Amino acid sequence: MGRSNASRNSNNYEIIKEGEKVSEKIKEYPGHALKAEDFKEGKVLTTKWRPNAKYAWSAGIAVSRFLKELKNGKIIARKCNKCGRIMVPPRMFCEWCFKPTDEWVYVKDTGRIVTYSISYISAERGRLEKPMVVAVIAIDGASENMGILHKVEGVDIEEAKAGKLFGMRVKAVWKPPEEREGAITDIMYFKPLEGEG
Amino acid sequence: MLIKKRVAVVGAGMTLFRRRMLETGREMCWEAAKMALDSAGLTLKDIDCVVLGTAPDAFDGQHMKGEYLLDGAGAWRKPYVRVYVGGGTGVFVPIAGWWHVASGLFDTCLVIGEEKMSPCHPHPQYAFSTIWDPILTRPLEPNLIWIFALEMHRYMHKYGIKKEDIALVAVKNKRNALDHPCAQIPAKITVEDVLNSEVLVWPVQRLDISPVSDGAAAVVLCSEDVAKKVTDSPVWIDGVGWCLDSTYWTNRELAYPKYVEYAARMAYKMAGIHNPPKEIDVAEVYDPFDYKELHHMEGLQLARKGEAPKLTKEGVTQRDGDLPINPSGGLLGVGNPIGAAGMMKVCEIFWQLRGEAGKRQVPDARTGLAQAWGDLMQVGTVIIMRS
Amino acid sequence: MRKVAIIGVGSTEIRSTTPDVSYKEMMFEAATKAYEEAGIDPRKDVDSFITSAEDYWEGYSIFDEFVPDQLGAVLKPVFTVSADGLFGIINAYMQIRTGLIDIAVVEAHSKASDMLTFEGIVAFALDPIYNRPLGGHPFYIAGLEMMRYLCETDTTLEECAMVVVKNKKNALDNPYAAFGAKITVEDVLNSEPMFHPLKRLEISPLADGAIVMVLAAEEVAKRLTDTPIWVKGVGWCSDTPQLESRDWGRAIYAEISAKMAYKMAKITQPQKEIDLVEIDDKFSYKELQHMEALGLCERGEAGILLREGATQRDGDLPVNPSGGSLGCGNLLEADGLKKAMELVLQLRGEAGKRQVPDAKTGVAQVWRGIPTATGAVVILSREY
Amino acid sequence: MNMSIEKIRDPRDIKHRFGDMEADYIYTLGVAGERFFREIKENAKIFGTKCTKCNIIYVPPRMYCERCFEELKDWIEVGSKGTVHTFTIAYVDENGNRLEKPEIWAFIKIHGTEGGFIHKLGEVDIEDVCIGMEVEAVFKEKEQRTGSITDILYFKPVK
């Protein structure tokens, strides 16, 4: 899962090869390794393909409603009356009780950071100009530890690196109503709740 | 009901693990499978059925990848199936192979793990952008490392673990890999090297993680009757366990891998193991990230919650320690062609239990364990083997 | 070794599209029905769950991540076979036979309507080096197969068209069918040419649906139900995936898997010992080719049996009384599980207007579709 | 019945999200493919590999025999002629749209081998194609060849 150049000989550590058998009984092991340059210099033949694989995923009963409420600037959850859990993201079934969930419950757009990380890279592996905090945020009004994944802004990166954001109270920052489209990105990010530290 | 049939591993093989290989996926499968058969003194004719494991089709760039690979896997006109539990697949394939033989339907089974991640451009990372819920998560454009960083951070926070203690795992495993001829990134590094390496997603740095790899690995399984005919030193599969946790990972406590615990308990029960740290002589624990080795040791009941770093610091998990972990060099040192990486661990336990591991050999290894992990921090797969 | 029985089945409706529900909600519905029928609680009673899925049908990498919750399988043994639901049944069967597992659940579904570019996705399954660069619609492979099959067996275009007519008619009586219709041989032959000699109506249309099945070891099955349907034999096989090495006229994968399953079930004369079959008919000619591969008639005779009416529901050897994939819809990896479900209903005597009289033993067979040469056979019986 | 107890009734409440699973893939041709396509690119020659144990010549050549698993090292030039083993006429393109001019696809079995090529037929009328017809490969000009299956333009009838 690492970046390709994790396998390259970089300056800060030393790659050492010593001959040794996988099994004492096996004398040879197979495989023809290539270098990145082999591709660039045309030393190896290749063929290319970009698949045509497009989808329209149906959100279904629970998530369609969730998206509709996001457009209204609200977060909605489902409650199971058997175990009493209020679940977000919402689902029509309770995975613990294996029964249908019973009712819709609006929860707050505030919450508490359960865990977080600080991304210095983009989804495509490029370096970000400015590091970005992403967090699991347990939503107020839902059951304990019912978190959602989102971004957090307005926090000090050095404090974040020092582990100071655990338990921090945050609040959703919404797009203006006219720009919302019924998507998780209708919440732009979460920011620290004012008046709390 | 009791399990009546015992299943043995009688041969193992693997290719080099490298960032880019010339071989097609099916050629890599053939290389590993052929090596496993040769080492068992068997030919393809002797094989009754084939089980293959490989992770996302989006790496190799091949829809229905299991179908594509099958002739290289030796499945021509044989019963064949691909099983799939994300990153947990590598250790799950021999588990599926186990039930093919333990069911009494077959005497021999060829088991293969494969991954060719290099075709995916601009970076194999792309494949990971499609593992998320397309409606609730993909719009946030997540990077895979986000979630592991979230898990690592939670683990550190909950048990008060320091990054330098976690880095010791990377140092150990990359060093162990120096003795593995197939290893992709063996190295002598220090804790400082890890802490000074590029920050990817805090707290994950570059030397905390395993590389992108191409490779394949294979083992040959057979029934007790056949095992006795083909070898004097079979290695028995005495326990299997697997478990999948909820999809809703943001609703779970990430500090502890309960799914690994449940999988391990299932396998320990079957193997009659009551005191894992005492009874397991060597373990190959899934380590795509350094913290995962610690996390998984705890899930496997090899260490108490939050105490795996301490054992590591004390040297207990070194090859000459009381509980050697990842003597192969693990994914951090040998490489991480996902579907093949777990199989590499199973091969390593096989070689360790046969006393064939050369410089990597752990003394007196009689009972070994291999474990893998995958999906959305969700799957545990565990196999227990005895000489 | 232990005997294994199917003790519960559940299915959603089969529809051409399902925009209002997610695959999770569909799976939940099918699972609820199956558990209800089997009288089990998945949170307590089930030892193993198996899903049958392929990533690119779903539009997800590692679809396995998204299955446990709606099946009641959280923190339980769960895995995915990248194959048809019949392979799910086969793996559940093996797991139970080992003694490790007492009750196993098998799930398969199709949410084909989520795919916008089915052709492009199938093309992505072709060999990237030797086949894909040439482009084209991947179903040319079906055209090549059909042409060779017709040539080798003297089967006629009319006979292939009659398969479509029969199956779409059978589907009219099936509540789990999306494409039932009353049509004629001429309608089929006059439909658009697609991959000559294959016509538009000879290609099974895609459909959505979810199916769940519960399997149990003998002692458990007998405790839970009076109508266990026994798994008597299983077989599965893959021929070469490389088009350049394939046998174009025969379904070798079906021949070998049938042989394996018959041997296990101790069936020596399939045409006499089997009361009905649900076999793969993703394309019209496939039903005939598969009948021959399964030894239900000599090579080249399937078309003749069809013309004589033997494969009608009231004939000597009913083939696809459900309506098959041509009548019900192609459910991708749930296609075989749908066929097994029909057998369960038939063998229990619960098939309503579709009921084949006195059905004791049936065969379900599936092929994984273009471009594969992989298939499976499961033999079910109400008697052991 | 114990299912979702609430359903969508208003069609405007049904939501979908559009997206794809598309990346750029660059495939190596493999140990056997690399050599095979070099021969096509440089010399317009078609090679197969022979398994002496199973007495099979694989075209395209393989690194191993899928039947017995022996490594195949015996490379044999097999010529560019073969027979149409089966064919089909495709009326739609890769996206399912009607083609203005239907395409003829065939499996061409190369003489003296067990293998051959899936390819298109050219320089022939649809009515004239039949199983058993002898055809030969038409290669691109050398400077246009890239080491791909498309270095063969199509197969045409042998006059």
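Per-chain residue numbering starts at 1, and chain names A, B, C and D are given in the order in which the chains are listed.
Rule of thumb we're sticking to: a contact is a pair of C-beta atoms (placed from the backbone, for glycine too) under 8 Å apart; a residue touches a chain by one contact, two chains touch by 3 or more.
Note that the coordinates shown come from a computational prediction; the quantities given were computed from them, not determined experimentally.
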Q) Across the interfaces C-D and A-C, which one involves more C-beta pairs in contact? A) C-D
Q. Which chain's C-alpha centroid is most distant from that of chain C?
A. A
**Q.** Gap in Å, rounded to a whole number, between the CA centres of chain D and chain C
**A.** 28
Q.
Can you compute the centre-to-centre distance for chain A and chain C, using the mean CA position of each chain? Integer Å is fine.
A. 37
Q: With chain centres taken as the means of their Cα atoms, state the distance from chain B to chain C in Å.
A: 33
Q.
Counting only Cα atoms for the centres, state how far chain A is from chain D in Å.
A. 40
**Q.** Shared interface positions of chain A, touching two or more other chains
**A.** 32, 34, 39, 44, 47, 49, 51-59, 61, 63, 67, 91-93, 95, 183
(Q) If I count partner chains per residue in chain D, which residues reach a count of at least 2? (A) 2-4, 7-8, 14-19, 21, 23-31, 33-34, 66, 94-95, 148
Q. In chain B, which residues are in touch with two or more of the other chains?
A. 20-24, 34, 58, 61, 63, 71, 76, 122, 126-128, 130, 134-135, 139, 246, 248
Q: May I ask you to sort the chain touch graph into line, ring, star, complete or other?
A: complete
Q. What part of chain B is in contact with chain A in the complex they form?
A. 12-16, 18-23, 28, 31-32, 34-35, 39, 61, 63, 122-123, 125-126, 128-129, 134-137, 139-147, 149-154, 156-157, 178-182, 184-189, 193, 196-204, 206-207, 209-212, 215, 246, 248, 250-254, 288-289, 335-336, 347, 351, 354, 356-360
**Q.** Residues of chain D defined as touching chain C within the complex
**A.** 1-4, 7-8, 14, 16, 18-19, 21, 25, 27, 29-30, 33, 58-60, 66, 85-96, 102-103, 105-107, 114-120, 131, 148-150
Q | In the complex, chain D residues that touch chain A | A | 2-8, 13-29, 31, 33-34, 37-38, 41, 94-95, 146-148
Q.
Could you list, by residue number, the parts of chain A that touch chain C in their complex?
A. 47, 49, 51-63, 91-93, 95-98
**Q.** Touching residues on chain C, where the partner in the complex is chain D
**A.** 19-21, 25, 28-29, 32-33, 36, 55-56, 59, 61, 116-117, 119-120, 123, 128-131, 133-138, 140, 142-148, 151, 192-198, 240, 242-245, 248-249
